[in-house]
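Both complexes below contain subunit A, partnered by subunit B and then by subunit C.
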Partner chain A sequence: MNDIQVPMVDPGRAKQRHTISKLFRMACMLVAVQAVVILVILLSTIFFRGIDHLSWSFITGVHRDDNPDGSGLWPAIIGSIVICAICGLAALPIGIGTAIFLEEFKPKHWLLRVFHNLVQLNITNLAGVPSIVYGILGVTTFVYMFGLIESYEANKAPSIEFGARRYYQVRTAAKTFVWLPVEDKTIRLLEINDPIEAMYPNGQSFMLNVINRGDPKPDDAELLGQTVYRGSKGSIFSKHPWYYLRLPFHKSVLSAGLTLALVVLPIVIISSQEAIRAVPDTMRDAGLGLGCTRWQMVRTIILPASIPGIMTGAILAMSRAVGEAAPLLAVMGGIVSKRTGPENLMDNAAAMPITIYKWARDDNPGFWELSASAIIVLLCLLLTMNSFAILLRYWAEKKFTAN
Partner chain B sequence: MRSSAVSKRNQAIVVALLIFCATISVATTLGIVTILFKESIGFFSRVNLSDFLLGTEWTIGRSKNPADYQYGIWPLISGTMRITFIAMLIAIPLGLITAVYLSEYAPRGVRAVLKPVLEILAGMPTVVLGYFAVVVITPTILEPIGFKPYNAMAAGIAVGILCLPLVSSLTEDALQAVPNSLREAAFGLGGTRFDSVVKIVVPAAMSGIVSAFLLAFARAIGETMIVALAAGAIPTFTIDPRGPSQTMTGFIVEVFQSEDVIPGTIAYYSIYAVAFTLFLLTFITTLFGQFIRRRYREAYE
Partner chain C sequence: MTNAPSETPTNDPATVTAVQAEHFNAWYGDFQALHDISLDIPQNRVTAFIGPSGCGKSTFLRWINRMNDTVAIAHAGGTLRMGETDLLSPRTDVVDLRRRIGIVFQKPNPFPKSIFENVAFGPKLHMRLSRRELEELVEWSLRKAAVWNEVKDRLNGPAFGLSGGQQQRLCIARAIATGPEVLLMDEPCSALDPASTLAIEDLIFELREQYTIVIVTHNMQQASRCSDQTAFFFEGKLIEVGSTTQVFTKPKNKQTEDYVSGKFG
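Up next, the complex of A and B:
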């Protein structure tokens, strides 16, 4: 009986090993919970700092340099939304298009195949480029356009522009202003000596009545409003509709939106690719089997099936764009004191992340708490966007598992 | 024209449009590389490359006379590395262990809380974390133990918080890619959970884990708003985390927001030289991470 040597497992050692395993599990859990602790501390400190100033007048007000209590966030909210909209309009079609190309149109020609692989490799690398580098790209490309076009200077009409309407503004004898059309925009001041056609700011036109200084004024109130003294000068000003464009784009919301579009483009592409890849191959085969061209198949089968997934990714990309500050600082500079949102595409704007940054760095400590209030507004916006994305994802998952 | 001919023509138009879309992403990379390279040449035609690479003083914009400027990149690199090092000290252990817990241990309920929390942290705008660093971390934790109001430590901690979700989600993907048969083999040999995790799963996923670390490293190097808010604006060449420090990204932002950047001035060109250095560092790190993942990936079929 004693001849057979059975290797004995030391029960004490086995127990010890199980204890180690249990302790390790506990330790892992304690460390993992730190993420929750960090988030709770982060959100609660910001909440308690910012809640005092959070009011309707804060949301609808504008920044005031020396008065933190009376300052508000409205121009920044509008600015952020406009920039984000431009960013979405640029990034989503391009990003989704690239994703369709990468997933559904794998080319056969060797040259295109090289291009295909290059694009795929490139996107992975682009996602790792710091956003401030995109900011520099935006400054060089959109703001200065490589210096190829004469840069825009104050009090000088830009050489290439579109959509601006110029008028000379003249004061009438009734001390109101009327506008005259501009024929040569290089003439900055127009002297009026003869009756010419003019218009009211509402667009209604009339013949200007010119009288000499010292002549009796007309009694009729309407005629008085159409009368100017001989030798009055009209100075040029321009009205810019929202679609006003000039080259280069300078420090404008358009530059900012396009730069952000480049920042989020890799995110849009990667998430759209995943959404398209999630469509089962059987659906592709069914479409092609019915005699569709690839594009018909993509348009009628792949896109409808993957659109919830694509939209989820798109919303997440947009929420990244809303919170992004570094490229905006590079492209537009640190603007806080705007009274309104951007008036046209070439206008600059305040934006929420920039305002948060500038307020947090302000010498006046009153602005520090205001910065926290602005963070609360920004986080609420992000929360709304993300819950929408989560709902979409939930809906999309249900749709596919039902099949 | 027959309808099939029309649809063929439509398809050709669409494919051309799609190729155009795809070209934009390539053009972005090319644009970044050419712009940074071209304008850096403008910088190095004014400044000696050796002064830039070997100098330990960076004083652009710090004295009235541009002739007194010193162009040594090392203070900026040391600032970046100080903050990145602190961030990695936080993000790597926390992220790795969180990933191990999520992948190997976490019951459904815990997972349902932990995953969204990490996603929220990952989506947090960096300017918010910067605010947290300068308004909460520095005054409540660091100033009482002798740190300056602007210091590398607070910025490093905040960047660490930023990188934590990145490390944990990429590492978790790597751990999940390890097939269950390996874990079962460990249990079959009498191993405990601890044995299977530490001796089997983590080593098997090592290439993915290292590439996750490298991506987080690249992210930390490129982080801008946190350092612009919390680290101060003085380039210092030291390893002391208690004082202010300026990173490469911090310098770029400082120049952009302090004055109008006039093309042609030395401050303008210096942005590009610094950005080029930054881009090279992050690009090489990202490429290296991809290389490691591909080269050392254990493929289990």
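Up next, the complex of A and C:
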């Protein structure tokens, strides 16, 4: 074979390469800068519009229909926190469990492997589904439960419920109220003709003293407070502890929280999977080589090593949940004028994104700037959550790179 | 280090077989990684597996304590026994098996925990010990692995703070803390410097009094220094097995001779 001379380097070619490299670097910088500029413009607009109304009384106040200056965000903040907590309690165990299954319990049998791959494929696809779709899913699944259960109507006792206590409230001759326990919740008004067991609102029970209208009232103050006229009517009311449940869930914070859990579940699963995958295989070998069962390995090695990464993903998912408006609108409707947070799981609630949305399109222009103030509060909450996630990630990286 | 090749012949009638392979085959999917391996691993001896990369020696090692169970496509046939235990049977409790057959890996892989917790990890899985018993066992294991003097003042310090050689000896201590009968070592010195390598080789030589040791190595000198029996693998086949002295000085097979004399591999 003949030897050939390696050709001379062309200096023009070298110069051209450097120029292209420089141009590309500048283009990249330009793109990055414009993204930041747009963000800064957006944020500063919001900031200057909303800063005037931002005050402690704005945070702790409640919405007032005709008084934007006196309105506040408190019920919405509480509502958002409750919904987000329900969402986290539902999504994190399921999401982390699924991630552990997908990463650490890969089956060997071909049929199970098909199932495993199907789950994985589905989750990857679900991460891209718009949240309003989950909202509609939440409406059919949680709010109406596919219509399988008798529909719930406001102010009527649902047929399937748990935790509610109902009483008839009766006025005594002393013009105070006493309660009578309810046996049949479909009877909404009870006429009292005979002495029956009743109780004070503090729970102490006694026998009712029934007298006819026109009869002389007892002189004793205590007896007077236990006396009702024959024929007086007691109307039903219910007390709901925080864990009150009914089927279907209807328009409640539980429905909203579970729907948001569906929205963030793919995010939780995928980020947990990445955190688990980041644990080096040498750790798995070490554990299995010492005689760990799969679960012992997950519990003692994989989870401790990946929990900062999992938590980072969880916090980011929760901050996504806090900001979601569409599924909440679909599930609970646009509620703004709640005066308190939700009282139980079946109560509905105002939430920050919905309050922002409602205020921004209110007829009263006074609310428009309030909307900007609410955005600042929401952004502050999100930034706090995200910076916490960044701290966690930093801590996790330090722990891993020690090796 | 003065470990001359051991004079103990492997056909010593006093030797008992610890692990026995007969017509053992192993596959990864359709690829056959090991062909018809028949090999006796004697008790309380060091057996070295040598051979070029990809010859199947690590695969064989990982089948002995079923670490290959983690590989979905790996399967095996033939016989592989330790005493009465059928190592390939699906009914064999791999968790207890791996307690009885400890393994040390190529790269030191301590857990991101304290030195004490690393050694105590195995015993905590398998035994119910008081704090005192656990402390005794940890000290015994660390002494056995010749690393006690270097770590005794920092038992609660992170294992990552140790040097590579110390970490590897910690991993050996961790492996012997569960009371194994067999210790498998997959190129235990390939990530270490010469001084640490020598320390580990010393240790291997001492540990053979109590354990059956199988060591995979790329290092001919290492095999000749610290093993009693040597098995040469090539392309998934067991080419030659014999006492280390014999394999290195009077190999019967031409391929073995070429390999141990450095003509290929």
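Here is the rule we go by: the second predicted complex is superposed on the first by the 373 of 403 C-alpha atoms of A that agree within 3 Å, B and C clash if a C-alpha of one lies under 4 Å from a C-alpha of the other, contacts with A are read in each partner's own complex, and residues count from 1 in each chain.
In this text, contacts are C-beta pairs under 8 Å (C-beta built on N, C-alpha and C of every residue); 3 or more make two chains touch, one makes a residue touch a chain.
All of these numbers come straight from a predicted model, not from anything done at the bench.
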item	value
Subunit B versus subunit C, judged by how many residues of subunit A each one touches	B
Which superposed partner A:Gly128 touches (first subunit B, second subunit C, both, neither)	first
Subunit B versus subunit C as contact partner of A:Val139, first or second or both or neither	first
Partner chain in contact with A:Ala305 - subunit B first, subunit C second, else both or neither	second
First (subunit B), second (subunit C), both or neither touched by A:Pro181	neither
First (subunit B), second (subunit C), both or neither touched by A:Lys108	second
First (subunit B), second (subunit C), both or neither touched by A:Tyr357	first
Subunit B versus subunit C as contact partner of A:Ala286, first or second or both or neither	second
Touching partner for A:Gln296 - first (subunit B), second (subunit C), both, neither	both
Footprint overlap on subunit A, where subunit B in one structure and subunit C in the other make contact	293, 296
Residue numbers on subunit B that touch subunit A, as the complex places them	4, 7-8, 10-11, 14-15, 17-22, 24-26, 28-29, 31-32, 35-36, 39, 93-94, 97-98, 100-102, 104-106, 110, 113-114, 117-118, 120-121, 123-132, 134-136, 161, 164-165, 168, 192-195, 197-198, 215, 218-219, 221-225, 228-229, 249, 252-253, 256-257, 260-261, 263, 271-272, 275, 278-279, 282-283, 285-287, 290
Touching residues on subunit A, where the partner in the complex is subunit C	106, 108, 113, 280, 282-293, 296, 300-301, 304-305, 399-400, 402-403
Subunit A partner contacts - residues on subunit C that touch it in the complex	65, 67, 70, 72, 95-99, 102-103, 105, 107, 109-112, 121-122, 125-126, 158, 160, 171, 174-175, 178
In the complex with subunit B, residue positions of subunit A that touch it	17-18, 20-21, 24-25, 27-29, 31-36, 38-39, 41-42, 45-46, 49, 93-95, 97-98, 100-102, 105, 112, 115-116, 118-119, 122-126, 128-137, 139-141, 144, 147, 262, 265-266, 269, 293-296, 316, 319-320, 322-326, 329-330, 333-334, 353, 356-357, 360-361, 368, 371-372, 375, 378-379, 382, 386
